[in-house]
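Paired with chain B in one complex and with chain C in the other, chain A is shared by the two complexes that follow.
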Partner chain A sequence: MGYVAVRGGERAILQAEAFFRWLNGKPGMEFLRQLEVHLPYLLDRVMGEGSLYAPELAAQAIAQTGGDLYEAVLLLRAYRTTQPRLAYAEPLTPEAMLTVRRISAAFKDIPGGQVLGPSLDYSHRVLQPEEPPKAPAGPPAALHFPRVADWHRLTGLLPIAPPDPTPPSAIPDLTREPLLFPAPRAHRLQALSRADSGGVLALGYADMRGYSGAGGTHPTVNEVRLAYAEVRLRHPTTGAVFSAGRVRYSQAEVVTKFKEVNGKPGLELGFAATLGWNEVKLIAAAMLDAAMNRPDGHPAHQEEFVLMHTEPVEASGFCIHYKLPHYVTFGSDLDALRRARSEEAVE
Partner chain B sequence: MMVPSPQELQDHGVFRALMWALARPGEPQPLVGGLEAVGRALLDLETRFHTPDPALQRAFLRLGAQAAAPAQADYLFLGTLDEAALEAVAQAPTGSLLYPEGGATIALVGRTGYGPLLRLRGPGIHEEVLVQLGLPPVLWSLRAQRVAFPLGWDLLVLEPAPPGWLVRAIPRSVTLEVV
Partner chain C sequence: MSLARLTRPRQDYTYAFLDAYAKRELRRRILKAIAIPGYQVPYASREVPIARGWGTGGLQATLALVGPQDVVKVIDQGDDDSVNAANLRRFIARFAGVRTTTDALEATLIQSRHRIPEEILGRQQVLVLQVPIPEPLYRVEPSYAQARELHAEAEYGLAWLDLYEALVRYRTSTQGADYPVLVGGRYLMAPSPIPRWDTPKLHRAEHLTLLAAGREKRLYAVPPYTEVRPLEFSDVPFEVEDQRGWIDEALGVRNKFMTEIPLPDGSVRYRVSDTGYARKLREGRAPGPTYFDDTGAFYIAGFLAERRKLGAKGKSQSEKPM
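Showing the complex of A and B:
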């Protein structure tokens, strides 16, 4: 690599930063709090991609970077690396979460029913300067809902998933180890969980459209769930399990036809989950999860292509590194070009 | 707003001091505490440590860190360098070419102005640093055998400097010569 250390320019750098801050102003505490209250999906996206659930810090990161989300994610990731690991939470079980939205596109009458929860999915997409009239509050839905996939398991359409006895310390951890291929399933799900929302959507959409001509996956959304999950920890001395707080959590499952289950045709499940509520990313990610091991050459069907190119910090960082001085590499290219041109002129 | 606790602030301060010590090998950096403060800043649930000191061991276990044999430890807190401590240093992991970060960090207590004079050269050092750390020559011959950048271990040498402590680091990137 033709890099060379560039010295000098400190004053210019300080001025550039000061100019940035002067243009964007310093957001006050009240604004940060308002970000948390009124733009939770923005915070969710940054926290999910940053893999750090900390709404106050996410608001600060968004404000400090003037709303440049890749930079905000980078700030959260960097902060995350400075934090000691204190404990492993107990595994989350979707049926035990405080679930506010759980829908299925596979069946209307899923056990527990369709619960729309908080959503703009079924509203008019028009700008509304005035607050629309409020519908009177209906009767509250239940707090907990079973998994739609469990229903398929009961009917034999999906294989039974035995409980995984792996201790938490032995689960492969993408934040501690490099991503190697073929990736362990834990790494794949972790990578999708903190993947760039736009990147996952682009590749997921390419798969949905069947771009390569190899045939799109066209899965069915089996379940989309938005929930508040308790972070349950085991007390280090008493051993009692207690809740350290709630996080916004979302997950999506898609099913594709057909995979052999116990010697009979059955369904294949794609899954994705993340911190925060981010439905479009999860549906695309779950579809990619189901499609990622197909033998054809579609980029969205290759685990390495999908996971490497949807990593937001690496991708944005690599892209913007091209702004840094490449004087030597470019100078050398120009030298070669000039030599070739003068040789051509001689001939 | 999230406000760091006094303990967190201390840990951050110690961590920064260690970072500067490793960035400027041989130059002293002030620390608020000794081996225990260093352990508090470095250890968590996923780190393995070795120490012959039972009180330190109890303190580090409370952080959730795992006690390990010297050959499996990420961090060794050895205090003064007796025979057993030298044996632990000899066994400390040096990492592999694929994973050089597997090399250990070893914290010792030394005494500047005593012992062999060392000449340090390498990244982070302007020309050279001459220093006496009060550590026996056998440690440096052991280092010559075990440390070959990028493999090897990084050394933190602490000494009391009331009311606090000082730390000097000799990372594996340093070329060390006993003068």
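Showing the complex of A and C:
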């Protein structure tokens, strides 16, 4: 009769949770601290998708769920949504962030220079590597860099974007308003920012491969950045701007080829940014952003398709909901099926 | 007088879990939904501490409405004791401090996944239905943005065509649960995947029904005494599941919605799906009046068309289960 018919359903669920905890043990504080120190990219992914920058809580969430990342993201989200809005941070400009890695595929050299920063891109992917390569430190890179897209704007290849005068508190907030289509740009960028890394990659990859009649969009990565950013707040009484803390932050820009810009052929920008460092997701998301500006028949070029289906909490939750009993709906379907199979249906 | 006497005990969460802003938004959306019967009101839909797709929309509606005086019942597929129902009930009781019950008539607030109780609900009661897919047009129009325009223009031709195509292809409607209804003669509505047996119970009901989808962020309502009519052609009437002849042997009951339980020898036995109702019968307590009487007649005479006769060959139910 299965789990539905278990009498004492409440006792059953308590025991199921106790069994899970018993199997996985109780992680100590030292382990949580180790997670923070040694698995920052794991924490970044969970914090980005959870849209809550809190390394201690992310480590706690990962440990508490035995490393089930969708569950960990849900834990952060469910906590985050109960927290009040105390203040809105000042906008973050690329010039102000402390950039540690910044590369462009569009040019051999860029104003400010290419900075590889910390990366495994050119490591040999062998298990149990020997000691990390020793290389003498070069001259320190600059802390701040201009944006590559500014060069395109200067040369007229990209349209000049006037500064957006919207105060931070008036920016549409996806976590406090429903997502409707066509979505405000702020909602789109927020949705991509907290989107499921794997989901964004799958759809972005479908776009990159050009799986549509129209062929691929083949954008060029204009700039990828990993940085530390100050969360700058304005003091409510003195009005002074101060830093409330420092977060890991990353962003990616891609440029499309040959779009019509102000009546002339030009480039178009795709952009994505997130809390934490997550290059794969951001490159895919920036490409999707560009593709969504010019929707065509390709599902990954349509805002509604992309944003609705890359929501990690909703997608994973709905997927596992199929474990719930469906015998009433299935019974109703069976009834319709039996009627269609019988020969007595409507003449 | 000590300081301790002036303060309240520390609370880590607000009453009924949701913060005041979330509750305010939900209550406003609920009022709008009641004001426009059958219209899907978008809302922010907060994350709650259970998995998305497991009744988070219904839970938000319940938490926005619940007060200390309420008596709450939670059912899943008709069953009070199903693990997910038990979990939601535990959560609501824990954060709202309310009394819970399995009695559909005693409850002031009923959260349900895919069933409406068999006993007729009254005007003091609110039924919250969990909704997986709120958009009745999704079968014919996958885009919400497009579907919203179709609703705005009351353009439901595609839904009728869908119904017609099933008739042409299979000579019968192929819709199982979640049979689309027209609310107040205006909005096409997905009643959530309740069996067709429960669909007519929404018509001119005395109670308020709220339908909330957490994942899809839509909330809608059937206010009391609202016309709710299933889509049907005048010559091909809507029909509830054909369970004539099904008997719950343990209770000796027929003409209540049944769950079919397969047995190893290929036969089946039937159990009343509404466990709260079954419990009353088992304990010898008199249940209230039911939407369908013991002969299977619906309580609003004439609302449902005359049932088709059992098949000419009389085999519709004797056919072996598939």
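In the analysis below, the second predicted complex is superposed on the first by the 317 of 347 C-alpha atoms of A that agree within 3 Å, B and C clash if a C-alpha of one lies under 4 Å from a C-alpha of the other, contacts with A are read in each partner's own complex, and residues count from 1 in each chain.
Just so it is clear, a contact is a pair of C-beta atoms (placed from the backbone, for glycine too) under 8 Å apart; a residue touches a chain by one contact, two chains touch by 3 or more.
Since we're looking at a predicted model, the values are computed, not measured.
Student: Of the partners chain B and chain C, which touch A:84 in the superposed model: first, second, both, neither?
Tutor: both
Student: So in the superposed three-chain picture, is A:236 touching just chain B, just chain C, both, or none of them (first/second/both/neither)?
Tutor: A:236 contacts chain B only, not chain C.
Student: More chain A residues touched by chain B or by chain C?
Tutor: C
Student: For A:328 in the superposed arrangement: first (chain B), second (chain C), both or neither?
Tutor: It touches chain C, and chain B stays clear.
Student: Identify the partner contact of A:29: answer first if only chain B is touched, second if only chain C is, both if each is, neither if none is.
Tutor: In the superposition, A:29 touches chain B alone.
Student: Using the superposition on chain A described above, determine whether A:257 touches chain B (first), chain C (second), both, or neither.
Tutor: In the superposition, A:257 contacts neither chain B nor chain C.
Student: Identify the partner contact of A:176: answer first if only chain B is touched, second if only chain C is, both if each is, neither if none is.
Tutor: Both: A:176 reaches chain B and chain C.
Student: So in the superposed three-chain picture, is A:54 touching just chain B, just chain C, both, or none of them (first/second/both/neither)?
Tutor: So A:54 only meets chain B here.
Student: Using the superposition on A, tell me which residues of chain A are in contact with chain B and, in the other complex, with chain C.
Tutor: On chain A, the overlap between the chain B and chain C contacts is residues 82, 84, 176.
Student: Any idea which chain C residues touch chain A in the complex?
Tutor: Residue positions touching the partner: 13-14, 17-19, 21-22, 25, 42-49, 51-54, 56, 76-79, 81-87, 89-90, 113-115, 132, 143-145, 167, 170-178, 193-197, 215, 217, 236, 241-243, 257-261, 273, 308, 311-313, 315-316, 319, 322.
Student: In the complex, go through chain A and note every residue touching chain C.
Tutor: Touch residues, chain A against chain C: 1, 3-4, 6-10, 12-13, 74-75, 77-78, 80-82, 84, 175-182, 304, 308, 313-314, 316-321, 324-347.
Student: If you look only at chain A, which of its residues touch chain B in the complex?
Tutor: 29, 54, 56-57, 82, 84-88, 169, 176, 236
Student: Quick one: which bits of chain B touch chain A in the complex? Just the residue numbers, please.
Tutor: The touching residues are 1-2, 11-12, 15, 43-46, 63-64.
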